[in-house]
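First the structure, in the form of structure tokens, and then the observations on it.
Chain IDs A, B, C and D follow the sequence of writing; residue 1 opens each chain.
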Amino acid sequence: MVETQTVPESDAGRGDSKLNDFSLAVATANGTGSQTANLTLLRAFFKMGIPVHGKNIFPSNIQGLPTWYHIRVSRDGYVARSEPELLVAFNRATIREDVATLPDGAAVLANADLKYEFERDDLLSYRLPVKELLEGTEAKGKLKDYLANMTYVGALAQLLGVPLSVIEEALGFHFGRRQKLVASNMAIVEASFGYSEREFTKRDPYRVAPMSATEGLIMMTGNEAAALGSVFGGVSVAAWYPITPSTSLIDALRGYLAELRTEEDGSASFNVVQAEDELAAIGMVVGAGWAGARAMTATSGPGISLMAEFAGLGYFAEVPAVVWDIQRVGPSTGLPTRTSQGDVAFVYNLGHGDTRNVILFPSSIEECFEFGVKSFDFAERLQTPVFVLSDLDLGMNNWMGRPFEYPAEPMDRGKVLSAAEIDERGGFSRYLDNDGDGVPYRTLPGNSDPRSAYLARGTGHDEHAVYSERPEDWRHNGERLARKFDSARRLLPEPILDEPEGSTLAIVAFGSTRYAIEEARDRLAVAGLTSAFLRLRALPIGEKVREFVGRHDRIAVVEMNRDGQLCAILRGELPEFATRFESIAYLDGMPLTAEWVSARLDELAAGDRKGEQSG
Amino acid sequence: MVETQTVPESDAGRGDSKLNDFSLAVATANGTGSQTANLTLLRAFFKMGIPVHGKNIFPSNIQGLPTWYHIRVSRDGYVARSEPELLVAFNRATIREDVATLPDGAAVLANADLKYEFERDDLLSYRLPVKELLEGTEAKGKLKDYLANMTYVGALAQLLGVPLSVIEEALGFHFGRRQKLVASNMAIVEASFGYSEREFTKRDPYRVAPMSATEGLIMMTGNEAAALGSVFGGVSVAAWYPITPSTSLIDALRGYLAELRTEEDGSASFNVVQAEDELAAIGMVVGAGWAGARAMTATSGPGISLMAEFAGLGYFAEVPAVVWDIQRVGPSTGLPTRTSQGDVAFVYNLGHGDTRNVILFPSSIEECFEFGVKSFDFAERLQTPVFVLSDLDLGMNNWMGRPFEYPAEPMDRGKVLSAAEIDERGGFSRYLDNDGDGVPYRTLPGNSDPRSAYLARGTGHDEHAVYSERPEDWRHNGERLARKFDSARRLLPEPILDEPEGSTLAIVAFGSTRYAIEEARDRLAVAGLTSAFLRLRALPIGEKVREFVGRHDRIAVVEMNRDGQLCAILRGELPEFATRFESIAYLDGMPLTAEWVSARLDELAAGDRKGEQSG
Amino acid sequence: MDRAKAIKSNAVGLAKADYGGGPSTLCVGCGHNSIANQVIQVAFDLALKPHEVIKLSGIGCSSKSPAYFLGMSHGFNSLHGRMPSLGTGALMANRGLRAIGVSGDGDTGSIGLGQFKHLLRRNVRMTYVVENNGVYGLTKGQFSATADEGQELKYAGQNEFPAIDICLEAIAAGCGFVARSFAGDAKQVRELLKAALSHRGTAVVDIISPCVAFNNEDTSTKSYGYGREFERPLHEIGYVPIAEEIVLEGQEPGEVRVVELHDGSKLTLRKLEEEYDSSDRPAAIDRLLRAEEDGEFITGLLYYDPSRPDLAEASRMVQTPLSELSQERLRPPPAVLDRIMQRYG
Amino acid sequence: MDRAKAIKSNAVGLAKADYGGGPSTLCVGCGHNSIANQVIQVAFDLALKPHEVIKLSGIGCSSKSPAYFLGMSHGFNSLHGRMPSLGTGALMANRGLRAIGVSGDGDTGSIGLGQFKHLLRRNVRMTYVVENNGVYGLTKGQFSATADEGQELKYAGQNEFPAIDICLEAIAAGCGFVARSFAGDAKQVRELLKAALSHRGTAVVDIISPCVAFNNEDTSTKSYGYGREFERPLHEIGYVPIAEEIVLEGQEPGEVRVVELHDGSKLTLRKLEEEYDSSDRPAAIDRLLRAEEDGEFITGLLYYDPSRPDLAEASRMVQTPLSELSQERLRPPPAVLDRIMQRYG
């Protein structure tokens, strides 16, 4: 994302409050191709240099159900969800409700063919005769529906002040070399732009003007960033099973790998296999990790549930593996196309017995890339499955970000012994804690030293990987694994801290909720409430977290789930500070808004003050 | 188990410290049929009225590996594991180590044919010429190995003072009507009894004398008790997949059902299906529960991992189901034949998203029976999967107990509406919280009122079970489910409290560790350390637990796992008391001993005192 | 649907509309929609009592369809690939119910293959419909296990793996009712569904049901175009309800095989081009393999054998649904507990 | 084992003993033990380099056996029924390895059926041995999916369900090397294993391997008694290493079929009572079904078709094992990242 400071002072006069600072929603039906229109608008704002972000609020279906696309333009660089003030009403099924929920003085660009009578007179509305505008084209059926969406692009461009040239650029970005498509789309855009120019008299305050705030930035989805990161992390095996919202990660991965890892002779230095289910997918990943490849899978809740047994095997046999969980709303099949942070507790000890897993929490496309790379280093260094918990909002939507930094460090392949090294050492014991960090040495199949061979297993074993039921062998091995987990605390990415002077409230959160939280903190600061913020980037927690908690006596743990999962984990791991944590947990499938977060934080602070007064 | 007070004052003079108070271990090889010999001894002591308990310490293999059987006779009714002082050494593979680990002055009854030379002269040893004793019989091969084990029964009986008539009774119990077998076994027993009488001069202190402490008691395994309870709980569908240590529960269930639920015409009013795996087993159980049968499965860790996705569906679609988890040592395949309490954390939120499950913790055969009955009432009342967490030690070993009480209450089938009731109410909404307890009403397939029909699903739904992606529908449903979970806190079995005056330390534990803990408390009490004990019987916790924790400022949470899973859960749920909990967690596959527990508690108390002194 | 038909009611006094469900949210033209409509028609024709029927499915576009028919019947839209176990349990609990299971090729052939095969081994009494389109519709067009080997799709790329043949798998697993049909052949679908509902155990009906969104190119064996051009029925099928007489309009009896179904109803199989004997297991498999080699799209009742008992029969269950047993029959009396306690004393 | 043999060493300078593993903890007389011994003999005869071999298994007595052979090779004793996916991953990571997978009838036919079938679809290059005893040995004798229909066992009761035929399932799934053998027929087991190790893709060898503890009554088709009495080899099998010449001692060539294996070695199939053509898929299935009906215990190479590429070939993987790729080949250079960043600007 764009830290506020990176946004140059808007060249648009601050007086004009809605200039480059509003949210719009496009309401259409699923499967009519409105995505192209929406992404064109999004890209256009971006190319104008205006900080912008789009959220696709779509149904779990392929065609015909209501779908919304939210775009927020923010000269200050805020990208959290905020309630739309400008509505593009192109769906008969939802227009009544869409209009009803608009704030006072909102504006509506409606498809005139819906013949909808507005009950509210506080709204500014524009009616676009879509059929009429399409009469020119001889397009039919699906293509016609699709082009129909281009009409609102043209009209909006005119109403908001987006130059046609920028729309054309944006279409160019979308269609790449396919110039004919750009042309055919522009035709419609120009037609409706013209119509709007002629027929509409602008009365609403929503306008855009060029800025330079997005200069040098990129815009992509978290899943694309994760895929790209994985490629630069050296992934060579991926096994997966399709599931929303993780599918686009693998789609991107297949694309990048085909582009970047195909040899001259057309052979592939990678293999991506679509498994028969997630149980098989994780099995392939564990098998590949054991045999020495950097292997990954991507899934969501239901897939995570099916991976439990193999996760436990990976933990116990100590096999590197990377699992991306693009979280959606659960329990069960839940809401497949809505976002959540609901798998934290389950993934943290996924697997029966005393299984404990390493978790990474990316919060931006930069971190999706960064963790895409580093997850493999961690997995191989620690010889354990590493779970990267992203979510639908971060993964499937387009976000601004700084261009990704090429990995500074070479790959860390961990403690793998070659035949030569075994010879030097005069042997090898698979599960011996040579270094005191709980991390043993391993060898790969194919190692020509006979002493390198061992039989990996999920059953009790001694330090030489030989089957053992001896109580002391079990205990020692378990204690070593616990030591290893503590080593992880020192190895994993540290939290990001922001602790301004005089903070009266502290916040702990992770992942994509940061945007609503950061905006909320700015608002509260203006209102005189200064807060400290720790953005957790990994589990298990390390010293930095303990110290932060030690410094603050009221800590709000903000998360997008019902049960306050991270809050319970922190209380369990930091009992001495358990009473300092306040759970602010919420889940309804929609990303948090700054309004909501600041209100909750305000209540909490108020509660404090009351506490002080009464006590 | 036998509360101490129920043991009549031993009629054996207290002076004689080893009379009716010692532990013996029988070391043999797996698959040689030594179980019959061991159970005969166990039953013999029981029939003599002496409190007794036996633990089978066996390998994960079918034949040939070392196996041990521990028997503890205790005039005071203690049944926890304690280190053996009397050894029956019949296994060449382990005799050296078995002898080495004996305490000073221990006694050994060895198979003379092993020709083992004792290095220790502090031991009292007896050598039994097994081959010679078998010469009489014309038994061969397996049968001969098997009969060989009867020789130590005879010799031990003679050395300890068990009348032959009691051995015959015990054999009778074992072989039921098959008198010929009793006779052939008695022949060997008498031979070795005679040999012992003639050749051995008793020099060790270990003896038994009749008591009346087991009068009116029964002895059976926890798995048999669970199966019997399930039958009286009205189970009619069971689906399972074989896995140690849960298999014997289903074996017993099949036996009881065949006996008690077969109609005159030979038809069965039940169905027990061996599924293709645990994923299918739980699927069948959820399907049967939805359709109105009382359905159960039994499994262990690896099976639990495979049940995660269906557990989440059961929670979210709100389907009654009962799952017995006979815990063994994990992670992964772990130690299939060793005991643990390692699945608590994983089962508590088994399933991705915000899934939260109800757990019962039986600690005795009485509670295995009781929860076998009540688990179905809870599952149907709460319309959710109920997990009963037993363990290998409780489930597979023989325990004394009071005869089970016939259920006082009729079955609670929960909120199920008949066609007539729907008519009265003028309709039905599947997920509406009519009663404010979060528990909705349900209908069963076959209900003739068309308004009773609904489509159960794991996807988001409104109060009428209609698919919904509306944020508020999701939130309301989730809040109701949370309310339901709170209702469970009030419904589930309350903890058992023992809070003597002047307790300086409190203990929280669950399940089979109670025996070691109760014995440890008695020891500490003698040494002047009085402790309070809360035995948890269910999760989520209720008020009683909170109150208890509120009354004690130092609470040891004792559990048989590595990570202190219950301790972390309690800290998370009772943050205001988080610092009061001290985790005493241990796992090596062997049941805890009173020695170990009292040592840990003593350290803790000492720490306290130190704390006091220094502070 | 014309007015007259709508108000006409069947033997149990229900109109066809009473067998309808919620509005479909599937794509316009999706094969699954036409199958849902046939289920409605069949239920109406057979005058099924809605409360004696349950609808089961896994996850997928296909698995959504139970929401679009039989709105007055209970149903369970379960987990991806796991409907077989859920259905087995439901029918253990209540053997009196007639189960209509709807699955997809991904749901059955990929993630669910193991449960599918074991369902057939147990011969659980249910009609198991596979709406087979060769792709994962709901997740936007990846290849499923039934996709044509070597097929190219714009999004999914090329499929390097051989297709799993649902019918071959079913016959191999010992299923006694295995049929293949085509969503574009409404009449055959109906007659087969009626027969399936009368079968003793699991009846598998593998229906090629085109996905218009992702796999409807004429070159795909799962497309409407391909089906319309190449469907080759092995026989013309007619379902004859229990009461009714079979009327063979003027042709030699030899041309028509009459199959007796479990509940007394009958099926007439009128010979078309080739002689085909649905009761010969090796022959059925052989025919399937040949069709596969020659790229033939054969439809009809491929294999029929009513001899195996279903799960409820095999396990000798009481006729009363277990879900309806009273407490008296479920919980043995106190005396029994005492007797057992004696044993362990 | 006699001294002389023990010290004799093979082409890679290893003695037979070097291919041994830890001491078996299986029951004395268990079929699995004799199979483990044949694996040792075969590895020695073929002069396999231990570090080029991996051993894979699921969970079960059978799955324990990799601990008892090839102690100088890496191996993974994985999860119950999940060895196929684990093996697929291992071979994706390193296509140069030769994989010997050992599973049981429960491991493959019950919990693992789905993964087994999909392994075959992908034609992952490995030798997949099923040590088939019709029961779950390690959990003490419950029926597995391959148990005889109607069989009675003292502990497990009666089995009401039809047996899954591993070989039929394999052929149906498109496997190109499907063999059945008997643990009591050491020579045939050896020759088949040698051929399997030379096959292009997945080679399934379903070996009846009696469980002496729970299923060895002569009436059981999985017992030694039954095998010894009823085994009916379809042909006499001889494996001919790459270098060697085929010598057909005086008999008409017609009597011997010579099969060319993927790595250039050959297999001679000498005709016994019947004409049998291992290359005819429908015929193979038909023969299996007849054998099933007549209760015949046929053994040998039931079906062979080397035409399908294995997973590595189908996905056009580089020859270098992915596990050996250097960082340079795994991580694209900075310029590439810059180029891609441009696109998203």
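Basically, contacts are C-beta pairs under 8 Å (C-beta built on N, C-alpha and C of every residue); 3 or more make two chains touch, one makes a residue touch a chain.
Bear in mind the structure is a predicted one, so any value in this text is a computation, not a measurement.
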Farthest chain (mean CA position) relative to chain C: B
Result of counting contacting C-beta pairs for A-C and A-D, higher pair: A-D
Inter-chain centre distance, chain C versus chain D - centres from mean C-alpha coordinates, in Å: 35
Mean-CA-position distance for chain B and chain A (Å): 45
Intercentroid distance (Cα basis), chain C paired with chain A, Å: 40
Contacts with two or more other chains, residues of chain B listed in rising order: 60, 276-277, 302, 309, 313, 317, 332-333, 457-459
Of all residues in chain D, the ones touching two or more other chains: 79, 110-111, 113-115, 118, 122, 145, 315
Sites on chain C touched by chain A in the complex: 25-28, 59, 61, 79-81, 110-111, 113, 136-140, 142-143, 145, 157, 213
Sites on chain D touched by chain C in the complex: 110-115, 117-118, 121-122, 145, 160-162, 164-165, 168-169, 172-174, 281-282, 285-286, 289-290, 308-309, 314-315
Chain D-facing residues of chain B, complex: 31, 60-65, 241-244, 247, 254, 274, 276-277, 302, 332-333
Residue numbers on chain A that touch chain D, as the complex places them: 216-220, 228, 231-234, 236-237, 239, 256, 260-261, 263, 266-271, 273, 275-277, 279-295, 309-310, 313, 317, 403-404, 406-407, 410-411, 443-450, 452-459, 466-467
Residue ranges of chain C touching chain B (in the complex, touch as defined): 22, 50-52, 54-55, 66-67, 71-79, 82, 84-94, 96-97, 114-115, 118, 122, 311-312, 315-325, 327, 329-332, 334, 336-338, 340-341, 344-345
